[in-house]
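Two complexes, one shared chain (chain A), two partners (chain B, chain C).
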Partner chain A sequence: MLPYFVAILIIAAIYVLLALGLNLQFGLTGLINFGHVGFFCIGAYTAALLGQAGVPWPLTFLVGAALAAIAAWPLGLVSLKLKDDYFAIVSLGFSEIVRIIVTSEQWLTKGVQGLTGIPKLMGFLGTGLSQALAVLGILVAVNVLAGLAKLRIVRSPFGRMLEAIRDNEEGVKALGKDPAGFKIQVLMLGAALAGIAGGFYAHYIGYIVPEQFIPLVTFYVWMAIIIGGVGSISGAVAGTLILMVFLEGSRFLRDIVPFVSEVDMASIRLGAIGLALVLFILYRPQGLMGDYSTR
Partner chain B sequence: MNLELEGLTKVYGVLPVVNHVSLKVPAGDIVGVIGPNGAGKSTLFSLITGFIDASEGQVRLDGKVIGTLSTVDRARSGMVRTFQVPREFSHLTVRQNLMAAAPKQSGERLINLFLRPGRIRSEERAVSREVDAMLEFLKLSHIAQTPAERLSGGQKKLLELGRALMTGAQLILLDEPFAGVNPVLIEEIADRIRELNSGGIGFLIIEHDLGALTRLVTTLHVMDRGRLIASGEPAEVLANKVVREAYLGGTS
Partner chain C sequence: MSVLVELFIGGLMSGLVVGLAALAITLVFGIARFPNAATGDAMTLGAFVALSVSAITGSVIIGGLIAAVMGVAVGVGAYVLVFRKLAGRSSVANLLASMGIAFFVRAVVGLIFGHQQQVFQLPLVRPWRVFDIRIQPSDLTLATVALVTLGAVFLVLHMTPVGRRMRAVADDPGLARVSGISPTRVMIALWAMTGSVSAIAGVMYGIKTVVTPEMGWDMLLPAFAAAILGGIGHPVGAIVAGVLLGALQEMSTPLVGFTYKIAISFVVLLIVLLVRPQGLLGQAEGAR
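Entry: the complex of A and B
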């Protein structure tokens, strides 16, 4: 049972990292990023390819994060000068384009067959519980660092300007400061976090295929931050854990509830999450941990 | 900083909202534009500062045509506007509002937060001292920690003036700085403007209300239905028959 819990916690921690990235983008800056999974995918494939080529793991993560951030830059440049809703659509399109590219560029990504044999993180510890615990430990440390980085941003002149932009964008322009510039920087940082999350995913699971990077991943992250509370770090953590417990826990429900097939159960799960989301938005729009503002 | 408008025009459909307006704000001068509601005064400000693109005509700053510069670049070059309805950063305190306006802060680049925290701290201290002086000057020190959304209309106007000053602007465009402000505070704001002007800062001021403005400006322009209908010294302009008709809403 323990290895199973650790495995779930590792996936949850990867999602928390994704949620922290989105939390910076949406919670702090108001960017409606519907393409988060695209950056996750770039990070995962970069880390996987470099890992297969024998590059050591801290480096594969960093390159993955850098490439994800670099991919975010032109995206922000073309779309953030427009209204927020345009960015939502453009970013969704972006993540689908990324997925289609990794599906079709077979010479590099092996297409739908995917990449296998990606070196396991902390592989020298074998494949047992100690390896999993070590991975979890590193993930928690990276999450803590990401959380600290967010706090530093909130309390900085940069964070002050983000809040000013949320309050009144025209007022910011009138002072000679470009709101789009600030948004692009946040977009790139959030993308880098998603890229690191992708690196962990690839090195933990050991194989990746394009099907793992569908928009549903983005929306899981959105669900997590909406349930937990969009502005707060604790919200990102709580929301993700609740989502994971529910997604995993409902697998066992099938053993208890009779006359429900596996396929039915998958649909019921999604329906229940949707219902929970609607109820949260209706009755607790600030999320479990509350508080949109972060100061 | 010398501002010149030449034939500045904005047409919506077939309706000219601003119609061939030409005027000058010599460096260090205070120039006023009055006119009834809907005369196109605020639109004129938006054209000058690049919030709206002009249909025709030119804006020159120190002799250079700035028509292709963005709003942000125009503000950076030293010409900053305020708004008729103040655009305070409502969730920030008065102090934070002013600090946010300081130009060229290293702490506004994400990467610097992690690479040069020491430099950011020392810059913040310097900006903070500057803000202390500004709060003193505007007599807002007692509400420094108040969120801007809780300020009165007049205090918000003062705060916007303060923010414009924090940017280091040499030419400030004030959009109805006295509207909805109580008489005591009006004199306060007017005094601050005189004091700043004696330090060399130029002003272009739009006002609906005449009283305080005419005592402040050296040149007064009157706008009606998008056009300048009179220009000159305040006393002279106010004696003008056409102006009186426009203001009394009479038919000409």
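Entry: the complex of A and C
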């Protein structure tokens, strides 16, 4: 039971990292990034390929984060010219293109077969509980760092500028500030966080295939920040935990109701996420712990 | 040479499917003002309904008609249950809700119809040969269906009172409202039209290829690209852009391979948004 519990917590911590990145982009700045999984994918494949080549782990994460951020740069340039919903479509398309590329470029990524034998994080501890706990420890530390950094950003002039862009971009322009640079920076920052999350994912799971990076992952993250409440760190954490309990709980449901096949279970999960998304938008757009006063 | 022409005809056919899907998107985008991400999964539902009904009755035409009716029901249902309550909220809220509906519809389709690939049972017909070029008679039928659908949408928009009100809402929702146009009735007509167009597009796509729960979602990006290329809120533009994009995708397949086909529509989408955001036929109306 304990190893299983730790495993869930590790995945949850990876999702919290993703949610923090999206929180920065959507919650703070109002950028509708529907392509989050694309950066996650870039981070995961970079870390996996470098890890297989024998590069030590802190470096694989950093390069993955850097590449994800670099990939976000052109997207940021595009976002300046587009209205919210158009950027949403473009970013969704971006993540699908990333997936098509890792599916097609078999010389590098082995296509649909995916990459296997990615070195495990803290692998010298074996494959038991101590290794998992060590991974969890590192993840929690990274999450705390990211959370603190986010708090720092929110309270800085930079953060106030981001909120101003979210609330009234024209007003920001009228005050003589240029929103462009800020938007690009935030997009790259969030992408780098997603890239780090991807590195953890690759090094923890040990194998990656393009199928793991479908847009549904993006909407899991969206679901998490919407459940928790857009814009708050506690909301991102709480929302992610609720999401994980649901996703993992549905596996237990399969043990209780044995005649449900795995594909049907995937459908039920998809349907429940869709329904929850609609219900939250309709009846509780500020989330469970959201800020009621300002939005 | 004849290979290229056959590729072009194939592109024309898939282009008509993309065009119909883009038509459904452009109607909602132009009038309800948000990109409807559930369009693709409404197509999937239409394809599965038509497939099942035609398997029972033995007639693809009946299957297609029932699918169109089902599309109307789903479109109106989505409006009454969800989008009506989101009127006045941001387009992001509407977009996210449509994404939720998309997931929900796909899940229901998967649970009811299963996850295997299925194909329409059509009688094999020998293709016609015109100057060494093979033409499938069924392609001609499908093209006719697409054009009739476009014609019907056009008639509703330009020849009926409800169509006039729809265009009024598209131009200026506030002005339409003070002129005494009931938004609810206009929207129900809009969603009925959108639902049936999506379902018909799905049936056509299913007949041309295979029917899977993911088929519609995969069409979403090309359809968005075509809707934006054609100019938002422009039915003819959507079809023209769909055909252009479809032909471009099919004819580039020998060059870029099968998987990168979809990437082309993304590139086109980006170029259009950056260079000519109002699309081919749209009028300039502020920032995108």
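Rule of thumb we're sticking to: the second predicted complex is superposed on the first by the 283 of 295 C-alpha atoms of A that agree within 3 Å, B and C clash if a C-alpha of one lies under 4 Å from a C-alpha of the other, contacts with A are read in each partner's own complex, and residues count from 1 in each chain.
Criterion: a residue touches a chain if its C-beta (ideal position, glycine included) is under 8 Å from a C-beta of that chain, and two chains touch if they have at least 3 such contacts.
Note that the structure is predicted; figures quoted are calculated from it, not measured.
For chain A, the partner that touches more of its residues is C, with chain B and chain C as the two candidates. In the superposed pair of complexes, A:R160 makes contact with chain B only, with no contact to chain C.
With both structures placed on the common chain, the touch criterion links A:E170 to chain B but leaves chain C unconnected. When the two complexes are overlaid on their common chain A, residue A:D178 makes contact with chain B while staying clear of chain C. Contacts of A:V78 after superposition on the shared chain: chain C is touched, whereas chain B is not. By the touch criterion stated above, A:A192 is placed in contact with neither chain B nor chain C. In the superposed pair of complexes, A:I11 makes contact with neither chain B nor chain C.
The contact sets of chain A with chain B and with chain C never meet.
Those residues of chain A whose C-beta lies close enough to touch chain C in the complex are 32, 78, 81-86, 88-90, 92-94, 96-97, 100, 103-104, 216, 219, 222, 226, 263-264, 266-278, 281-282, 285. Residues of chain C that touch chain A in their complex: 34-35, 82, 85-86, 89-93, 95-97, 99-108, 110-111, 115, 213, 221, 224, 228, 257, 259-260, 262-263, 266, 269-270, 273-274, 277, 287-288. Chain A meets chain B in the complex at residues 149, 152-153, 156-158, 160-161, 163-164, 166-168, 170-178, 182, 185-186, 188-189, 293, 295. Partner chain A is touched in their complex by these residues of chain B: 49, 51, 70-76, 80-83, 87-92, 96-97, 99-101, 103, 105, 107-110, 113-114, 120, 123-124, 163-164, 167.
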